[in-house]
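Both of the next two complexes hold chain A, though its partner changes from chain B to chain C.
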Partner chain A sequence: MQFNSIPFLLLLTAALVLYYCLPLRRRWYVLLGASYLYYLAAGAEYLVFILYTTAVSYLTGLWLGRRAMRDATALAAAGELPREERRARQAKDRRARFRILVGGLVLGFGMLAVLKYTGFVLSGVQAFVPTLRIPELLLPLGISFYTFQSMGYLIDVYRGKAQPERNPFRFALFVSYFPQILQGPISRFGDLEPQLFGEHRFQGERFRAGLARVVWGYFKKMVVADTAMIAVRTLVEQELTGAYVVLLILLYSAVIYGDFTGGIDITIGVSELFGVRLKENFDRPFASRSVKEYWRRWHITMGTWFTDYVFYPLSVCGPMQRLSKWSRAHLGAALGKRLPVYIATIVTWFLTGLWHGAGWNFIVWGLLNCLCIQVSQELQPLWRRWQAAAPRLCASRIWGCWQALRTFLLMGLIRSLDCYRNVPLTFRLWGSILTDFNWGQMLGDLTGLGLTPADWGVLAAGVLVQFAASLLGKREPLRERLSRRPVLLCACLTLGVIVILLFGSYGIGYDAGDFIYGQF
Partner chain B sequence: MKRKQWIACLCILLCGGVLLWFAQLLLVPKYMSGNREGAMTAEYYGDGSTHDVLFLGDCEVYECYTPPTLWAEYGITSYIRGTPQQLVWHSYYLLEETLRYETPRAVVFNVYAMRYGEPQNEAYNRVLLDGMRFSDVKLRAVLASMTEEESLASYLFPLLRYHSRWSELEAADLQYLFHRDSVTHNGYLMQTAVVPKELDIEGEPLSDPTLPEICFAYLDRMRELCEEKGIQLILVKAPTNFWGYYWYDEWEEQMVSYAGEHGLPYYNFIPLADEIGLDWSTDTYDGGAHLNVSGAEKLTSYFGAILRETFGLEDHRADAELSALWQEKCNAYEAEKNGGTS
Partner chain C sequence: MEKLYEILKSLHPDVDFTAEEDLIGKGILDSFDIVTLITEINSAYDVSIPAEEILPENFRSAAAIHALITRLDEA
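After this line comes the complex of A and B, so read on.
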């Protein structure tokens, strides 16, 4: 059940009516019911997997919580202990809880690994054993998102940052909350729990802001992303070179931005309709001046998940500290200090790539992002010198625009790995940008890419509207401003719906409906 | 929100609704030229009069029988509710709908569609279903006919299907915003060209000659509906002489058996082509697949005699009111025939 489908809109309407009819304390029942209905619509067979993840993380969380309480009670009952003995006992208890955590993580991530990566691993093995058969496994809807969210919960419980949820139904809602299950944001239990189970009264202004955000999301997805996707498909299928690769980079940037940020707008907007406030996942990412900044603004919840649960723990774990000591002693202070950080960064980006998809394209995509960030980090002294030499230029708006453009193009280039069928082909096509100067041919052939001149006009207008909205909403999102002016908002919403219905890419003849991040 | 704001918002929403309604009217294909078949279903509602005979089926009815000839030669009033590749369930729902407006004495159903057990093509669904007036029958017809890629919503709000036509709008879309011209003669779509049949036909071997069960189920429903209303159901197979429209002996046997089992009259006109007087060098407009106006007149003349003699349909030519009405129709028919539009 896609967000841009009639059944979803019907489910949402029914859930909203029921939600606001029920007493405040029982409203979350509706969210749970709607979430499972939404999931069931994708296929009853997928239900097993989400129930498995829910059960594993719920039971492990409970176990961790009880064990922590038992350890604390036992320690308190032991009375005054010598410091060393107390520490040893605490460490022993922590190790026991850590084993429980690892068990839960293995069971949780294990299912994701089996379902998502078996084919990829076996296809590698198949190169050496051609007779090997690769089984076709189901890939449940949103599995990466709900697995990461659940495993994040376990780590938070282990760290004492979240209390284990005792009610299995409440926990089931945390895992399956339908607006975000398809493509995030990846929420933390501590953030989402008060929102899902809080008593939300109907608030007109908030409801209107949510509605505006939903319509805006549909606009981005259906008018911009899905229209651009038609040309992207042609460019990819025909493996066109030179200027066409540049065009693909630009168009795919419009696709991924409209698709993913549009999807998140719908997610957050739908949640607002229920009074549930989710964390923002984007902060005008295409205005970023560096790759590092870009990743602070793009898919924020995924970035923080990897930072908090992979990068930091990895950087400070025992083996890494020992490596740090060793490298300082043998490789010098400068490199010795950086080596553990490098390793943790590489591992984090490798896993980020792998999270996006089981394929070398995604792994190389992750590692290239890592390379850009590391190189940029290493060149910092040089940049500082440059800034000192030309302070006026570096502080100017033009320089800022150049930095943003440079980052946009670089990220677009790396992102095009999503599109092509393998890494060597992608590299060859990147190379063709420098060797095939077919700009004239490309410009004369725009209508041969599946879009009519009118479609190009709609696409250009859609991109401009997004750009203008981004500029105008720099300080405060436009929808927030509009929600305080109901009549103007109503006019904008009506106009938005008309524009989407008339100019959106949907229905028979279009094949771009699925949200890209729903496949991750 | 204050009261004034509520009123303003309601007005905006109303304007938006009107705008969408207007956009829908504008974007829906008008079928006034080119694929005129798309306008045929809706044209029926403008006819207003009742009919002795109702024809149901695909191009083998709306291009092979001419109601003006049936009137001119036998005084029998008729209407053809035919559309391209009309499937059996399409015919059933059209029959059910038509019976809400009138009760003809005979329903003539062309059996060629019995070969199709599944929805074939969105375009053929559209040309039939878009033209139907909104009713529970239409809803059931849509649900029975949709291909996998179609949605009910797009039939309820055709804008969802035709929204992308905004870049292809023509002057005709404005011209026919609120009305349509008549494109048929009581459902008969005239073809005046002559393209003779050149090759002798031979059907390719069938992998499974069994006609789909679902078709017989809908034929049963048509039969029961006719029995309930005291209407004579007549099964026919139009004459063709083209490989793409080959009528296999195995299919023929099944239809003969069905008709015999339920006491229904069944006329296969393929072997009767010579008796009808069809000349495949002059009476077809597409090499033998369908009849042109000359062939259609010959077939109608032949079938009219059957309707009169076997089923006793009355001659209404003495009825002054009907005569005046049909004279007008016949004049229009002759005008198009002599004008040579095809």
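After this line comes the complex of A and C, so read on.
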């Protein structure tokens, strides 16, 4: 059930009516019911997987919480202990809780690994054993998102940052909350729990703002992303070279921006209709001046998930600290202090790539992002010298625009790995940008890519509108500014609906395609 | 505190850590430094700084780092 489908709109309307009819404290029942109905619509066979993840994380969380309480009570009952003894006891208790956590993580991530990566691993083995049969496994809707969210909860309970949820139905809602299950944001229990179970009264202003956000999301997805996707498909299928690759990079940037940020706008807007506030997942990412900054502003909740639960724990774990000491003693201070961070960064980006998809394209995509960040980090001294040599230029708007454009093109180039069927082909096509100067042919061939001149006009106008909205929202998000002017908000909302109905990609015979991140 | 200043000085001899209040915001301590710092602190103070304590507010100044060490030591 896609966000831009009639069944979804019907489910949403029914859920909203019921939600605001029920007493405040029972409204979350509607969210749970709607979430499971939404999930059931994707296929009853998927239900078992989300129930499994829910059960594993719920029970492990309870176990961790009980064990922590028992350990604390026992330590308090032991009275004043010598420092060393207290430390030893705390370390022993922590190790026991860590084993419980690892058990939960293995069970949780294990299912994701089996369902998502078995085919990829076996296809590698098949190169050596051609007779090997690769089983076709189901890939449940949103599995990467709900698994990461549930496992994040377990780590938070282990760290004492979240209290274990005792009510299995409340916990089931945290895992399955329908607006975000398809493509995030990946919420933390501490953030989402008070929102889901808080008592939300109907607020007209908030409802209108949510509705406007939903319409804005549909505009991005249906008018911009789905239109650009038609040309992207043609460019990919025909493996067109040179200037066409540059065109693909630009168009796919429009697709992924409209598709993913639009999807998140719908998610956050739908949540606002229920009074539930979700974390923002984007902060004008295409205005980033470096790759590092880009990753602080794009898919923020995934980035912070990997930083908090993979990068930092790996960087400061015992073996890494021993490596840090050894490398500083044997390889010198400069390389020595870098080595653990390099390793942790490479592992983090390898896993980030793998999270996006089971394939070499995604792994190479992750590692190239890692390479850009590391190179940029190493060039910092050079950059500081350049800043000192040309302070006025570096502080100018033109320089800032150049940095943003450079980052946009670099990220677009790397992102095109999503599109092509394998890594060697992608590299060959990237190379053709420098060898095939077919710009004239490409410009004359624009209407041969599946889009009419009118479609190109709609696409260009849509991109410009998004760009303008981004610029206007630089100091304060546009939605906040509009929410203070209800008449203007209603006008924008109406106009948005008309534009979507007139220019959006929908209707009989049209295959909108899934939201791209829904497939991750 | 002196021990901490020594560790910090070994990372950036040119910085006055007694006066600097925004080590993270100003980019004086980057991720490489934080990881090295944690390794050194763990060893020098016999504490264990866990990953969840790697927050800007815990590393923004020498005083904040010292407060973190004291808190962990007393836990």
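As a convention for this text, the second predicted complex is superposed on the first by the 516 of 520 C-alpha atoms of A that agree within 3 Å, B and C clash if a C-alpha of one lies under 4 Å from a C-alpha of the other, contacts with A are read in each partner's own complex, and residues count from 1 in each chain.
Keep this in mind: contacts are C-beta pairs under 8 Å (C-beta built on N, C-alpha and C of every residue); 3 or more make two chains touch, one makes a residue touch a chain.
All of these numbers come straight from a predicted model, not from anything done at the bench.
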Could you look at A:V316 and tell me whether it touches chain B, chain C, both or neither (first, second, both, neither)?
-> second
Return first, second, both or neither, reflecting whether A:R159 touches chain B, chain C, both chains, or no partner chain.
-> second
Check whether A:T304 is in contact with chain B, with chain C, with both or with neither, and answer first, second, both or neither.
-> neither
Which partner does A:T118 reach: the first (chain B), the second (chain C), both, or neither?
-> neither
Is A:T234 in contact with chain B, with chain C, with both, or with neither (first, second, both, neither)?
-> neither
Classify the contacts of A:K337 with the two partner chains as first (chain B alone), second (chain C alone), both, or neither.
-> second
Partner chain in contact with A:S324 - chain B first, chain C second, else both or neither | second
Those residues of chain A which chain B touches in one complex and chain C touches in the other = none
Of all residues in chain C, those that touch chain A in their complex | 11, 30-36, 38-39, 42-43, 49-52, 54, 75
Taking the complex as given, what residues does chain A use to touch chain C?
-> 90, 159, 161, 308, 312-313, 315-316, 320-321, 324-325, 328, 337-338, 340-341, 344, 377
Across the complex, what residues on chain A touch chain B?
-> 6, 204, 452, 454-455, 486-487, 490-491, 494-495, 497-498, 501-509
What residues of chain B sit close enough to touch chain A in their complex?
-> 1, 5, 8-9, 12-13, 15-16, 19-20, 23, 122, 149-151, 153-154, 159-161, 163-164, 166-167
